[in-house]
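Think of it as A, B, C and D in the order they're written, each chain with its own count starting at 1.
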Amino acid sequence: MRRDLIFTLAAMAALLAAGLYGYFGDEPFYLTLAAKAAIFGLAGAGLNIALGYGGLVSLGHAAFFGIGGYAAGILASHARNYEPLMTWPVELAGTTSAPVIWIVAMLAAGLFSLPMGLLSLRTGGVYFIMITLAFAQMLYYFAVSWPAYGGEDGLSFYVRNELGGLQTMNPWIWFLVCYAILAVVLVLIAILTRSRFGLALTMARENPLRLANLGIGPKRVLLTAFVISAILTGLAGALYADLNRFVSPAMLSWHMSGEIMVFVILGGVGRLGGPVAGACVFILLEQVLGGFTEYWQFLLGLALIIIVLMGSGGLAGLFDRSGAKKGAAHG
Amino acid sequence: MAEPLLVTSGLSRGFGALKACDDVNLDIRAGEIHALIGPNGAGKSTFVKLVSGEIGPDTGSIHLLGKSVETLPMTARAGLGMARSFQVSALAPSMSGLEHVVLALLPHEGGVFHFLRPVARERELRDRAGEMLARVGMLDRAEIPVAGLSHGERRQLEIAIALALEPRVLLLDEPMAGMGPEGSARLAALLNELRGDMGILLIEHDMDTVFALADRISVMVGGRIVATGNADEIRSDETVKTAYLGETP
Amino acid sequence: MKTAMKGLAAAALTALMATASYAEPTKIGIITTLSGGGASLGVDARDGLLLALKKGGNDEIETVVEDDQQKPDVAVQIADKMIQSEKVDILTGIIWSNLAMAVVPSAVGQGKFYLSVNAAPSQLAGPGCNKDYFSVSYQNDNLHEAAGQYATDAGYKKTFILAPNYPAGKDSLSGFKRYYKGELAGEIYTQLGQTDYAAEIAQIKASGADSVFFFLPGGMGIAFMKQYAQSGAEQPLIGPAFSFDQNILQAVGDAALGVKNTANWSKDIDNEANKAFVEAYQAEYDRLPSIYAAYGYDTGNLILSALKKAPVSDADGFRAALEAADFDSVRGKFSFGPNHHPIQDIYVREVVKEGEVYTNKIVATAMTDRDDAYAKDCKM
Amino acid sequence: MSVALFFEQLLNGLQFGVMLFLMAAGLTLVFGVMGLINLAHGSLYMIGAFACASVVAATGSFTLGLVASFVAAAFAGVIIEALVLRRLYRRDHLDQVIVTFALILVFTEGTRWLFGSYPLYLDIPTPLQGTVHLPGGIDYPLFRLMIILVGLLVAVLLFLAVNRTRLGVRIRAGEADREMIAALGVDISKLYMIVFALGAALAGFAGALVGSVQSVQVGMGEPVLILGFVVIVIGGIGSIGGALIAAILVGITDTMGRVFLPMAFAAFTDPASANATGSALASMLIYILMALVLVFRPSGLFGEKA
């Protein structure tokens, strides 16, 4: 528990340091990258609830990431062209208010995750992986061919949404917004994992039969975790849409699902700060290797294989071991 | 005579050609310890799985507190007041014993769908879980993750979890296997004490314990109950001797 | 006297500033696709552009090239980086419409010039046009319109049309229909990325069509033409140049021979600039240039021609210099319309085999001095 | 629509399904025997197509190309099995997913490194070009007919191999109980390698066949991989027969959906939007099919009860 906390704080400190370097070093691009890392970290933290704490290997979280993004994009675009979102049964207008958009994004992702989770949880194991993948793929094809919001071309909304009186277009302010949301969410997750529900979720992962024997249905617990997980990833999607002022079906593609999973695994599965550390390292690798060769994904693939084969438990695992060694030396 | 808490009638379940349970009629009354004995492979564990709802029967019925439950899922049966200990400990390695017991208390204490309050702050729950652990004698090991507990301690924890469910019917599948003599003795004393509150089905290989504790004993061989009676009756039953002890009269 | 002095001082100052900005190099940011399935297009556009700049001999130009991986979000982040950190003056290089839609509006919103080497979606040509956005290639509908015109001219009465079900596909079919006067034997939207066309080809054969228009870029087109050739269907094929790119044709092989396609450039357009380009490109990269290389090359020369007249720091002057389009286009005559999209001729090419290489040769002109359908809606 | 056209479309659906089966057979075999989920199966398909295209370009022989596709994919399969996947059998699905996802990156970018970004040329050999006249007035491409026959032949051979040979007995035993067959003295790691190589070879073979009618390019395996997953989820993981039936079901559903949905929509909306809506729905159709199957049979049509 304590090591987890220290690791999380270290990852968050590193991310803040990157942001501060961007701000004081007058490198706004580093701020954009840091904000991207915070958002990816948030998406990963969402997935981690299903994957790490619930043991549900979802290869379809791009669906929620994309739904969140589209919620933001659609609301913002309606607000800018003054066409109501719907006129029946109630008239709803678009909005550029970020908090409203975030709530809608979370609701939309949560609502989609409910039938998807219900159906996927009818089975388990490898079926679960493939079914979540197929659901996300279905949504992807829908978004590509759905003409109303740009289809494959995606949807641009040019200016970030409004949050109080903040200058959200300023990279420094935007980074701080994303960072703050990530921090709040991590605190909430930390509380969640220590709550009654957290206990039940641990048991649902490690021994579902026993949980049922205690009179607690493991599927209800897992479904709840899946929905919470989708909601957080949806929020990350809305932030990512705002970061780019743009959404497109690319956010729904299965490579996105794979990447979100990579953040979690690089950082450490089921570790609070894991996804944040993983997202930071992923973006760092992308920048460093990408500057080195256009075939950087080849090297990324090799690195991933080695990391998983070593069974290190990601960066968090490395961190634990280095701590343990020191501890042994002292003892 | 009290109304039985649990009644099975004609309960059967086969696996392929093998009839693991064959027309089993058994009841557990309030306030008694009913022991189920029989050689390995007699079908005792299958019977526990059928009653708890882990697997479904081919034919037959199960009544719990007068209610037909054979089609209900495990969670519903637990909700009606049935608890079970597992033959091989079924615990979450990363959770502490205390957390296990707290979890078992939750269905009666407002459920598990509370997200924002750390369990560490739920003093009353923790105190009650502590009591359960104290009853099985492992309060001092309460905070250790299960992965760090010995085999015997895990068996004790199994009992504490079952107690936390406040069951009307308690199914104990070889609770003493792997416990030291001291632990067994303590458990026997505990079962004696619990007897008044609930009906207990005890599956056990240690005959001394069984004969000392049980109000009634049923003997299962080849999936069938071949005899039921009190300790003396079973000791003197010829069928039992033949079938179970392999002795010829 | 005093006023005169002031005026003189101001003039001197302006002159000084002007020299200062001449001394400062112009920075061009090239965002294009260099990895993944669509990399060949980006590589060609980049190579064409860099070749033009190299031949231009202006050593005051700096370029930054970055790979967008064909992902819109990555393109946006690179654009942010180039604008915020690299402080580029001009952006260019994007191949795909969806990436252009993600990058262009915000780039020109931040006061940068954007010159398109390929993608030119209709949203940026009509009411959404911008004074700092120029398309050097075409407007997306142009080649499809030309195909429609060609089908009309060739006397086809029942054309079967198909395209993938995404915005560019829909624009393609509506562009075709804008100039096609006959009736349609059928209209099909296929799935994006689909590679098996047996069902569609069976429908074409059964439809009684006298010709087929298809827009299937990349691997989709390769698969379609190979399967079409195998199917025993006799109806002639027409398509826009995208499916008949120099690189793609080699993978299609004989199945593409004789197919007509519309393009605003071909390596056999007879002018000095084009001859020099094809020769220099082959010498530099040891392969034939594609249409994307030609667009890149023209874009490079357009920038060079404008820089001769005004520095980028003089935005109005530079913009006017771009509008003048005072360079030798490999397409021959070339000018910009009021919405900063080209006015140009569009040709019909036929796929032929020259030695071992499959390539195109011009057989007709489909449209002369074509602008685009959206120019009238553009208010700059 | 004429009856003949309907049957031609049915045949097209069958051909698509048979092609999917070649992909799905390897996936389902590997999962059934080794419990391994292999996202990189699509890469093996791509390797087969590239090997075939290269060999045909060098030698001019399509037969050699097909052999090369088989061998190259099997070889690649053995290499990744021995170097990487072998270490994953005892790990959870998560590790398998992420490592095989990483393998996709390695293979995709590696192939691009070697062969460049341009599609390769690969065409059907001359004797197999053209169409044949089928009863009912259908002119059907000969090569597609070949794919159907070859695919069905492979299905039969596979079925016989699994049910009638010693290897098959071991494979089925391996599906049922790994410890047991190890205890019986079967060299489990050799068995795994053979099964994996067989699955890989089938994928490579499919890649070569399909590549010669479609296009041979980097990334060609990914859409097919996901369809392969849909097939084995519908068919029931580990079941060869289930994979065959599900593949044909998916192939026909997809083909018929593409043809008939736009027509159905055209009956009550204007043609242009009917086309767009119909084909949008058609692209989701097989996923809807999958969802429906799962509602009624959570472990697929022929899967073991979960």
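Definition applied: contacts are C-beta pairs under 8 Å (C-beta built on N, C-alpha and C of every residue); 3 or more make two chains touch, one makes a residue touch a chain.
Computed from a predicted model, the values in this text were never measured in an experiment.
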Original post:
What is the chain whose Cα centre is as far as it gets from that of chain D?
Top reply: B
Original post:
For which chain is the distance between its Cα centroid and the global protein Cα centroid smallest?
Top reply: A
Original post:
Once you find the CA centre of chain A and the CA centre of chain B, what distance in Å lies between them?
Top reply: 43
Original post:
When the centre of a chain is set as the mean of its C-alpha atoms, what distance in Å lies between chain B and chain D?
Top reply: 50
Original post:
Using CA atom averages as chain centres, what separation in Å is found between chain A and chain D?
Top reply: 32
**OP:** Calculate how many whole Å lie between the centre of chain B and the centre of chain C, each centre taken as the average of the chain's C-alpha atoms.
**Re:** 76
Subject >> Touching two or more other chains - residue numbers and ranges from chain D >> reply: 109, 112, 276, 279-280, 283
Subject >> Residue list for chain A, restricted to those that touch at least two other chains >> reply: 141, 144-145, 147, 295-297
**OP:** Going through chain C residue by residue, note those that touch at least 2 other chains and give them in order.
**Re:** 35, 165, 170, 189, 191
Original post:
Pairwise, which chains touch?
Top reply: A-B, A-C, A-D, C-D
**OP:** Show which residues of chain A lie in contact with chain D when the two form their complex.
**Re:** 51, 57, 59, 119, 122-127, 129-131, 133-135, 137-138, 141-142, 144-147, 254, 258, 261-262, 265, 269, 295-298, 300-302, 304-305, 308-309, 311
Original post:
Once bound in the complex, which stretches of chain B touch chain A?
Top reply: 52, 54, 73-75, 78-79, 83-84, 86, 90-95, 99-100, 102-104, 106-107, 111-120, 122, 161, 165
**OP:** Give every residue of chain C touching chain A within the complex, in rising order.
**Re:** 34-35, 67, 71-73, 76-77, 80-81, 84-85, 97-98, 101-102, 105-106, 109, 121, 165-168, 170, 189, 191-192
Subject >> chain C contact footprint on chain D (complex, rising order) >> reply: 1-2, 5, 8-9, 12-13, 15-16, 19, 109, 112, 116-124, 129-131, 139, 141-144, 210, 213-220, 223, 255, 258-259, 262, 271-272, 275-276, 278-280, 282-283
**OP:** Spell out the residues on chain A that touch chain B in their complex, using ranges where they run on.
**Re:** 188, 191-192, 194-200, 202-203, 205-207, 209-217, 221, 224
